[in-house]
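Everything below concerns the one structure shown next.
The letters A, B, C and D name the chains in turn, as written, and every chain counts its residues from 1.
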Amino acid sequence: MASSYGKNIRLQIFGQSHSPAIGCTVDGLPAGFRIDREELQKFLDRRAPGRTKYSTPRKEADQPEFLSGLVDDVTCGAPLTAVIRNTNTRSKDYDNIRDIPRPGHADYTAHVKYGGHNDVSGGGHFSGRLTAPLCIAGGICRQMLASRGITVNARILEIGGNREDPFGEIEKARAAGDSVGGIVECVISGVPVGIGDPMFDGVENRIAQIVFGIPAVKGIEFGAGFDVARMRGSENNDPFYMDESGSVKTRTNHAGGILGGISDGMDIVFRCAFKPTPSIPAVQASISLSEKKDAELAVRGRHDPCIVPRAVPVVEAAAALAVLDMMREPAMAVEE
Amino acid sequence: MASSYGKNIRLQIFGQSHSPAIGCTVDGLPAGFRIDREELQKFLDRRAPGRTKYSTPRKEADQPEFLSGLVDDVTCGAPLTAVIRNTNTRSKDYDNIRDIPRPGHADYTAHVKYGGHNDVSGGGHFSGRLTAPLCIAGGICRQMLASRGITVNARILEIGGNREDPFGEIEKARAAGDSVGGIVECVISGVPVGIGDPMFDGVENRIAQIVFGIPAVKGIEFGAGFDVARMRGSENNDPFYMDESGSVKTRTNHAGGILGGISDGMDIVFRCAFKPTPSIPAVQASISLSEKKDAELAVRGRHDPCIVPRAVPVVEAAAALAVLDMMREPAMAVEE
Amino acid sequence: MASSYGKNIRLQIFGQSHSPAIGCTVDGLPAGFRIDREELQKFLDRRAPGRTKYSTPRKEADQPEFLSGLVDDVTCGAPLTAVIRNTNTRSKDYDNIRDIPRPGHADYTAHVKYGGHNDVSGGGHFSGRLTAPLCIAGGICRQMLASRGITVNARILEIGGNREDPFGEIEKARAAGDSVGGIVECVISGVPVGIGDPMFDGVENRIAQIVFGIPAVKGIEFGAGFDVARMRGSENNDPFYMDESGSVKTRTNHAGGILGGISDGMDIVFRCAFKPTPSIPAVQASISLSEKKDAELAVRGRHDPCIVPRAVPVVEAAAALAVLDMMREPAMAVEE
Amino acid sequence: MASSYGKNIRLQIFGQSHSPAIGCTVDGLPAGFRIDREELQKFLDRRAPGRTKYSTPRKEADQPEFLSGLVDDVTCGAPLTAVIRNTNTRSKDYDNIRDIPRPGHADYTAHVKYGGHNDVSGGGHFSGRLTAPLCIAGGICRQMLASRGITVNARILEIGGNREDPFGEIEKARAAGDSVGGIVECVISGVPVGIGDPMFDGVENRIAQIVFGIPAVKGIEFGAGFDVARMRGSENNDPFYMDESGSVKTRTNHAGGILGGISDGMDIVFRCAFKPTPSIPAVQASISLSEKKDAELAVRGRHDPCIVPRAVPVVEAAAALAVLDMMREPAMAVEE
């Protein structure tokens, strides 16, 4: 199991790429919050394919229908469910993968795990399409956080190692009939001091657990990240100081806003690495599951040479859900 | 809350650096397994300070006492609890941190979160000492995995950016009155195909959630890790092939043994980045919590200039627990 | 939150009586199981109103649409979601309860809990209608259990204290413009020895947790139930014996098939008590939430004088889900 | 697994009757609360055997040692662990049960579940002794609730069906060389309106889940309990009214303080049924597990003819833990 996440805000995602619909249920959203439907749709549009010249021409109509949890766009405290119908498919493109797994995809592992009964069409439950319901849930959480002065913003840090001209790398890869990966950086501002718990439920643990649920993520780092491994303590430590308004701050933020798994009031900063899209036009070496011998595979159909631009709002959605889940933990000090 | 982890093998850690004891409870270990106590002690010894010339002279007697869950060293199916008494302390060293938080530590964040009631002595519940019970629990899991042909081995990849002479970097840092960080790499071999679940309970999600519970970890990456962000799909994809014994393998392993969150039978490989020990002898800038103004801090006491060598078994312990927890998930295909 | 249940088979229910749809997601069903859609519909029909002369004439078309998790009626291992559209409503009947809570219903408590933002129409998320998705999920689990030789059957034990002519009591209540309660008994046969866990995850704990999620349940008892309080040990103990086939059995079954929270192989037997339907035509004393003073209420609309006949399949559904969830726990003994 | 309970206040119990110690960890207690150690000990003394002439002469020194989570008796926010050493045992009494399971006990079911590796001595992890750590955890929660004006009090309602002279029944049973059961009633006062969640995490669900973790409980009912099955709606409904202080109350309390799983501000009332102690001196029919044939068993040792008097504080402890866990759920309405 486990397409679910969260302790106080509990998210359940469902759907396969070619099932009648995909969607999510979010249980635990407090009642009385008015969701800005227009803003939510703009947020979802940032993710959808077919909207920029860099992405797949498959035009999915990502308009969620809310089946429950809202009354006139205001949360009513009951579980909120949103669905998106799958209408524009081309399943003939996936015929040859039932027997010959695509390198870099979950075809082989899901085949074994589910005894050959997994829905392979379009990648099934492993398709990047399933980031749409994550964006619905996270987009709502992001609005709730904004109402409390907490912002969640991500951006492309680099694509193919290129920070100055990331989109140039996508074109190069497309021209080469190949794909390319990149890094997304996310900054969460305005988080109060003290959220997150020690050990296994800290800010890093909870954000990492949900972000690795985004397809193609192979690494995550917080603050100075892997660079801390090359720093001295005298460099890496962030000295405290009191600013003019009487708030505690740090001069630097190598900690990425997190000390001991708990937020320190500075921006929470993390970066995640996306591998290049596995679906490339070139012929690839694979195996035939039925004949148990080597075989070749040519992936047909329409695929993004780079999913990083589309992943940016997905990272925001994931982070927002994790942060709101943590914000709703009970206070760990008795009131004086 | 949340010094707990796991769904089938449930770990609860407790203790503060200077409380009467630290320990753990592990619930869900199957009955009938004989724990090799001698091997477990050797595993714990790899972690303990005072045993190599690179670490703190504080000699903790890390001999666990098993209070429950074992009968003549054989698991009996009931929750297993082990404790380690805290006997060798020097609490005068920590007097000045009650008011002046140490940069890089959880002093400030815990002070706010717990309303000033947190146990600060020795770092309280945030001390690196709490990795000892994690090693007890994980060491037992590691033995159980070994009995099934699954090995979990970690090593120092680099310290201070130096792969050839990592220990040379520790000496340099000590001589400079400073500290240094590093990277630990872990390889899990022999894992069958199909463990891990989609989305939020995949292999990466679960390992990341527990590994970020190790103090000082600021990043984690699987397989080619952050390098995937600079690769083309044609390079990063791992082609499948059938080996002579009829097993499915991949020619390369950029995926680190994981596709779609599920194991593919190849080695699971990950690396985690450790920041340099925050406790350094130098005077540091901080604040006085009571006077709400800037103040200076000199950390006294005995501290490791680098915790990476001691962290290696801790990483193994964490990974072992995550993997055994996943191994014990129910099968996701009906038996034919 | 928490319209969710289960550890291995995870159920999430959503919907309000008058939201666009109600439904459920079940995550963790193993792949490769063919659901008998016709049998499932018959199971759901046992619950639906308007089919017997004893229940509400509101004719809901309880035909679930499966949005995910099935391919040609075979489970594919991904989360399974089913929805039922709400089409036949009469919301004018509920106008007066927004200000004047109905005795015996959740109107008042939900009003306070959700700050007045709860969806009151038709009882919102608290409506008995939400037992339909529980029946879909439980009906599927019941089929899976049947395929393993485990049966789950419930029946009306009594209504209004009458065991010989329970339906006669419903007519009496209806004629009196009142409502009546009753007791449902459930028997689960064929459960192997050893399922359930000690203390808080035993068979009683898990069945009780889900059964109290059925509206109107106010008590549950296992085996001899509350009668054990009046028995001597010499009467209540169930002596063991070996039957001709070499199976261990008990001569009596006061334990209801459960010892120490774990199944002993005998039938698991429990009974739950349903209170009479709170919605009765008579004028009742209540309060005005806005005016903060006493007020009267007359519940309009169409209501069952007794929900017990309709609750029988719901009890089976709940029990089936709990049992399948327990059946899928990992084995607690190492294989020899 | 699963000797654990709770979402916000997480309890883990460990220990077997004859392991070195029994105990519990409670994670999630807010920091800054001073535990009254003397009052806690009195609470534990209510449970301990050897203190009244009605219970076992085995004199266990139930003095908990706190290993973590407290600093000078004040909670520090870290997990709290308490242990009780097992010092006074008579294990020769249990020799014959390794092969011949005692009727009414978990010997047989645990033997099968744990592959014969379970700790049988003194009943192992299933012993009533394990209610001591539940009382430590619950006793602390009870004090926290009291500080908020919430009281949790239980009492013996009847023993052997006798309400006027319950202790007379214990003597009769002892004289007959038998045992007897009873019913405990618990009242929780001062709970604010709105705690508990719909469906599977309501007040009844959560209290039932923990109370069935007390050995010997075979039934639980709330408010009018099983009597509701014989009532009419006009009788069972509790009419609302506004009292002089402007609080909403109900004229009767058949609901036991719970509507739709959520507290309504009236006393929460429940009763649980305890079966008679299975260990009786009489020879009983059983089987030999090794010889797979019928055999007789005579239970030796010292056993209570009735555990109900000792169970009263255990019921309070369980209820207190469940209520505090619910009290610490996040608010389900946005602040206006």
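What we mean here is this: a contact is a pair of C-beta atoms (placed from the backbone, for glycine too) under 8 Å apart; a residue touches a chain by one contact, two chains touch by 3 or more.
The chain list, named the UniProt way, goes like this: A, B, C, D = Chorismate synthase.
Being a predicted model, the structure only gives us computed values, none of them experimental.
Q: Which chains contact both chain C and chain D?
A: Chains in contact with chain C as well as chain D: A, B.
Q: Can you tell me which chain lies farthest from chain D, using the average of the Cα atoms as each chain's centre?
A: Greatest centre separation from chain D goes to chain A.
Q: Calculate how many whole Å lie between the centre of chain A and the centre of chain D, each centre taken as the average of the chain's C-alpha atoms.
A: 43
Q: Between chain B and chain D, what is the separation of their C-alpha centroids in Å?
A: Between these chains, centre-to-centre, one finds 36 Å.
Q: Quick check: how many Å separate the C-alpha centres of chain A and chain B?
A: Computed value for the inter-centroid distance: 25 Å.
Q: Quick check: what residues of chain A touch more than one other chain, meaning two or more?
A: 1-4, 8, 13, 28, 31-32, 77-78, 110, 113-117, 125, 198, 329, 332-334, 336
Q: Which positions of chain B touch chain D when the two form their complex?
A: 1-4, 8-10, 12-16, 19-23, 25, 27-28, 31-32, 65-71, 74-81, 83, 110, 113-119, 124-125
Q: So in the complex, the part of chain C that touches chain D is made up of which residues?
A: 1-5, 13, 101, 103-106, 108-110, 112-117, 125-126, 130, 158-161, 173, 176, 178-183, 193-195, 197-202, 204-206, 208-210, 212-213, 215, 217-226, 228-242, 246, 248, 250-251, 254-256, 259-264, 273-280, 282, 284-287, 292-294, 329, 332-334, 336
Q: Provide the residue numbers of chain C that touch chain B in the complex, in ascending order.
A: 7-8, 28, 30-33, 75, 77-78, 147, 198, 328-334, 336
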